[in-house]
Amino acid sequence: MELIQQLVNGISLGSIYALIALGYTMVYGIVRLINFAHGDVFMIGSFVGFYAVTMLGVGFFPALLLAMAACAVLGVVIERIAYKPLRNATRIAVLITAIGVSLLIEYVMIYLRGAQPEAYPGTLLPKQNLELFGVVISSQSLFILGTSLVLMILLQFIVHRTKIGKAMRAVSHDAEAARLMGINVDNTISATFAIGSALAGAAGVIFGIYYTKIDPLMGILPGLKAFVAAVLGGIGIIPGAMVGGLLLGVIESLVSGLGYSLWRDGVAFIILILILIFRPAGLFGKNVREKV
Amino acid sequence: MLKVEAIDVFYGNIHALKGVSLEVNKGEIVTLIGANGAGKTTLLKTISGLLKPKSGDIVYEGASIAGKAAQTIVKHGISHVPEGRRVFANMTVEENLELGAFLRKDKDGIQQDFAKVFQLFPRLEERRKQLAGTLSGGEQQMLAIGRALMARPKLLLLDEPSMGLAPLLVKTIFRIIEEINESGTTILLVEQNAHMALSIADRAYVIESGRVVLSGAASELQASEQVKQAYLGGH
Amino acid sequence: GCGGNQQGGSSGGGGGGGDVIKIGANLELSGGVASYGQSIAEGVELAFEEINKEGINGKKLELVKVDNKSEAAEATNGAIKLISQDKVAAIIGSATSTNTLAQVQIANDNKVPIITPSGTSETVTVKDGKVNEFVFRTCFIDPFQGTVAAKFALDDLKVKSAAILIDSASDYSKGLAASFKETFTAGGGQIVAEEAYVAKDTDFRATLTSIKSANPEFLFLPGYYEEVGLIVKQARELGLNVPIMGGDGWDSPKLIELAGKDALNNTYITNHYSSGDPDPKIQEFVKAFQAKYNKAPDAFNALGYDTVYFLADAIKRAGSADPVKIKDALAQTKDLQLVTGTFTVDQNHNPVKSAIILEYKDGQQQFKTKVNP
Amino acid sequence: MAARTPLLKAEGVGIQFGGLKALSGVTMELYQGELVGLIGPNGAGKTTLFNLLTGVYVPTDGRIMLDGETLNGLPPYKITRKGISRTFQNIRLFGELSVLDNVKVAYHAHARHSIASSILRLPSHFRGEKEMEEKAIEFLKIFQLDGIMHEKAKNLPYGQQRRLEIARALAAQPKVLLLDEPAAGMNPQETKELMNLIAFIRERFALTILLIEHDMSLVMGICERIYVLDHGQLIAHGTPEQVRSNPKVIEAYLGEEVS
Amino acid sequence: MATWKRTRGFWVSIILAFAFFAVVQWLITSGTLNIFYVNTLFFMAINVILAASLHLIIGITGQFSIGHAGFFAVGAYASAIMTMKLQLPFAVGVVAAGVAAMLAGLIIGVPSLRLKGDYLAIATLGFGEIVRIVLLNIDYVGGASGMTVTHMTTWPWVFACLLITIMVIANFTNSTHGRACISIREDEIAADAMGINTTYYKVAAFAIGSFFAGIAGALYAHHFYIIQPSNFGFLKSFDILIFVVLGGLGSLSGAVVAAVLLTIVSTFLQNYPETRMIIYSIVLILVMLYRPTGLMGTKELSSLFKWRKAAQGGMNHGGKNTVA
């Protein structure tokens, strides 16, 4: 019973990771950029949602949409200012800029409102605990899992079935050739950032509702975990991010549940490294041998 | 139809094109020959908007297109088959072709062009769902050309379409180039395989270290001693 | 100047000459525990403002802050800068014990007193049985609160079994847990589960699930409100409805928002003071704080505030801005009435003050008992 | 001739990529001093065979032998040290390194000074480095690259990059040299010069050369024997004349009439 | 004669270095340099050692490692155990730090044989976190509260370690072994095909790099009074990475210059406690935007003096085989 409860705990935790990892892996897959600022966009989303609810007094859905819109704009602005000038630079140079952007967002936020946490109002989403054979499942965690699944399917659809998705993939393989097809590379990348960041914003609001506490540095750890989840699933592979996130959540819960909560991240990383050694391109990545 | 007027192109400090001028008339096949690093690819990239000329002008159907973005130039009817094929490796043949028609909205026309491309390259129809990266070199070249045709270009820029291809395929490709031309598309062709290129072209330019050094009717150049010495392997 | 130390005088610093006494604050303004450091800074700034209305011995206090990024090495760097460049008369030390420990040697070597508002670890002031001459603190030391909590659980709540959940990244939490465990088991209680988390975690369900399955009658949860709020909330969601108790780290208005009023019922804390205490000193502080920051103060705010008054009292008594004299005066502090209690500094440089026990009822702190040391 | 043992031998080698059988049952022999061509349609498996011979891929069946010693499963660097080196179809130079250093890298396997001697700057380090530099420059002279030896490799024009690749492969001091489409992207005149260069180095270094090329003028012009691959299998092999008139080769590769 | 010519640059730098040492030593002993400057100097030197050691792994060998703080931590703790727990002399601590970190480097070198690019990055990041978490859970070294360490780091020690680090890494790089590593960075498959034992050199780069990170750890532990696992998290690894990239990937002098400058910037920013991190991050972004190849690009300082003709370092901008 406890085991099942731990699995349930792990899946709800993992859905949150997955939710953040989806946007992460999308940007990552298309632009090949480790966007370390993703976790901070997530944080901004969370705060936008919070202020929308507490100051504008709106409900859940308007707050969610507002956060997503604000984050989409933020994502595009970040891309235009900080990443676009570096299109031809090494990826590691962009990574450093991304770290810079991440610090900037965090500390501007702290400068503006301090580092202390904020508590999300608990009344936004109806909340019920389902008890099944002694296992407690909160309606919110079902909601999160559902949201992640829907978003995953939606993203997968966008990237693989729509015109903009095809443009995104073309840009990711070969931006110059994509330009020759008439694709506006800058707009496509902006669209990628907008979608990815909007997802981060949504995740931020949902995180706030589920965990209550939000603060300016809240994005660092989930951002890192989402990065891990995205790599675990295979870079750029959307269902991979979902599975990677869930797996990470379940591993963490099981380790904590066994009483080794301090070893939690350690075990998660050991498993991660082992998986990578046996599947060097992540769980879902095809390990294509470079054609020589 | 296309008029390149004294353009200069730089890569950083490298002066790759030095006052190059050339002209392509409607319905022609014009070929550009020259040694490695002469600047042929650079010229095509400048025409299609991937590079911006520092000075000079490019006039296409009466309007200047110099310095415009590549995606705008495609809209005007210039398609570029880049050097090294550059197909989208992780996408299927079909998706690659669809991307060729990215800017078009006419569903019916696109369907017609699909049929046309498959008629030119039956091999591509067989491989419709295959990932482009797993095609052989010749098939990828066909795909690259087919993809460019999907934009219904009036002017097709071809950069070394025969590079790395087996002799049989080289012949096929050249035959197809002539077919495309006959169906009304103007062609600017860059080739190392000067024999073949000159034999299908109407006119030719010889480019050397970023300068046009010779031009004229293809047959004339083919007969010229100078060209023979430098590009056709003597005799 | 009366301090005898002109600017650039002795290598031991001197707090500046002229009409100001420079006081350093070496705080966690960024990095992992920035929220603690910033809260202390708020309290400190409020106190500076109040004191500077009149000044001390005719001088004004000048605050020089440095940010130690929540890192020990930066705390050392910060202390060195404050002492050698700014020549402060005293340093208000860092929020955590570790970051304070990183400055102890510098303080002793350069003979500048340092007071940590919230570094509770015993080793901050005493090393190998020897008192660190220049180091002081405003807060409790760990054992006291843990002992009080254990006694309360055994005698008042009458529980026989308890689980402990600590913040493994915090000396404070560990120290409280250790003393709680000692007193609780000595009094016949049984510890049925000991678990830990790491500060900044947000999901404690896995750990709480395993605590729940150990069926404790009581949960001791020494930690800071940021995590405690979430733990209490998640514990109640998982159906863990036993009484929960913690220390002064809980004390923050945010706790009530984080955990929710209902979840907080049946929880208790040990604390220095209650912000609801009618004592005018406390009420004045709460009012002033509310006016300046538009929010209710938490424990860090209060400790930061008190640290300044603790220091100011010593400067006044020393009649000088000489760091060594200030140090002597600090060591002789007696029955000083502050917001977080009335205290006397003992020979180990720890404040001796009484603790109170508060219960949360519908989101309000209610006074239960007062325990003298 | 039949009595001689082959220097390099592939015995029924094959490899599978996922579902694709890229090569199967390929048997090929190279004798000391020969210059052999390998042709076939695009995707026939020519480059793949090179990859097997040099250890980049491990064959799923068959054996590869150099001088009677089996090479299967050896990592590429060991195979290179045993005497097979190659160029790549898509040029793979060390772009940020200078032309000189590119060649020096290939000498590394023959360097005798240890990491410790380099760190401590012992005399053996200086001796070793000096020797490398001299040898490398010698090679660059042969390829007329000595004038640009301090340029970064990535800044060279294409033709020089191709030449540098060959120079680098030679610097590894192989017995067998594998050239993958060395004339790709060259015009007929440049191809002709390359042909002379290949003939020259073969004499000078007593090399055995296996060459992939689509340019028939080059292949038919300098190769003594030619193997033809199609769909991963050998379909013909013989002298240029035999291959040229082989109907299977004409159908799969050359096209009807050939000059 | 010829040898003298080749080594002239080398010996001139050594003599200059010792002159610098003597001057600083005199300033310290005479009290001209107050503790603030001495402290900044030490911190700078530690950062330089860290930067140089990571430069060997990322800049030269092209192995995208973002868990360097892990090696740093291993060194810090190993030396602290030697001096504080076992009461051995500082020298033993320093050597033990290097050796222990090197062993850790060998361990993490192994996954690097199979993983590339971002996947390797994640594995090294994971490794760094594992080190931190292990330390967090060992009560012998104080767990989360860390270990207090006596101050033993002195200027001669700092100088000696710094000099040896720079010398070893520079000499290694400017030899056939360094070229072997660079060739791996540029194109691993081609390097392999040219007879380079890529496995050996990748592991060697990790081993040497982590050895010096360990040395830096020893100096750090015995300078900052207390070490604590939380100071060695991934953000610390990023700090070191920033030195290397900001200086110019592939340029040793770049890494050194960046480490020195950023230490100065960071010290200077102490005067702006509230906006410190904001200014720092803006500096970071602006430098990368205006100098995407880093402060020094791929050049070495020495090339400014024409001691060497050919450019050694630098990343391939094509990206197909480069890190990240």
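Per-chain numbering from 1; labels A, B, C, D and E assigned in written order.
We adopt the following convention: a contact is a pair of C-beta atoms (placed from the backbone, for glycine too) under 8 Å apart; a residue touches a chain by one contact, two chains touch by 3 or more.
Here's who's who by UniProt: A, E = Branched-chain amino acid ABC transporter permease; B = ABC transporter ATP-binding protein.
Source: prediction; values computed, not measured.
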Comparing centres built from CA atoms, which chain ends up most distant from chain D? C
Is the number of contacting C-beta pairs greater for D-E or for C-E? D-E
So, in whole Å, the Cα centroid of chain B is separated from that of chain D by 31
So the centre of each chain is just the mean of its C-alpha atoms; given that, what is the distance between chain B and chain E in Å? 50
Mind checking the centre-to-centre distance between chain B and chain C? Centres are C-alpha means, answer in whole Å. 74
Chain A: which residues touch two or more other chains? 107, 110, 262, 292
Any chance you could list the residues of chain B touching two or more other chains? none
Got the chain C residues that touch at least 2 other chains? 29-30, 32, 168, 198
Got a list of which chains touch which? A-B, A-C, A-D, A-E, B-D, C-E, D-E
Residues of chain C touching chain A in their complex? 29-30, 32, 34-35, 37-39, 168, 195-198, 200, 202-203, 205-207, 209-210, 213, 226, 229-230, 233, 237-239, 254, 257-258, 260
Parts of chain E lying in touch with chain D, wherever the complex brings them together: 2-3, 6-7, 10, 167-168, 171-172, 175-180, 182-183, 186-187, 189-199, 204, 250, 298, 309-316, 318
Going by the contact rule at the top, pick out the chain A residues touching chain E in the complex. 34, 82, 85-86, 88-97, 99-104, 106-108, 110-111, 220, 224, 227-228, 231, 235, 262-263, 265-266, 269-270, 272-273, 276-277, 280-282, 290, 292
Which of the residues in chain D come into contact with chain E in the complex? 54, 56, 75-77, 80-81, 85-86, 88, 92-98, 100-101, 104-109, 111, 113, 115, 118-121, 123, 125-126, 128-130, 132, 150, 152, 154, 168-169, 172
Could you please specify the touching residues of chain A with respect to chain D in the complex? 289, 292
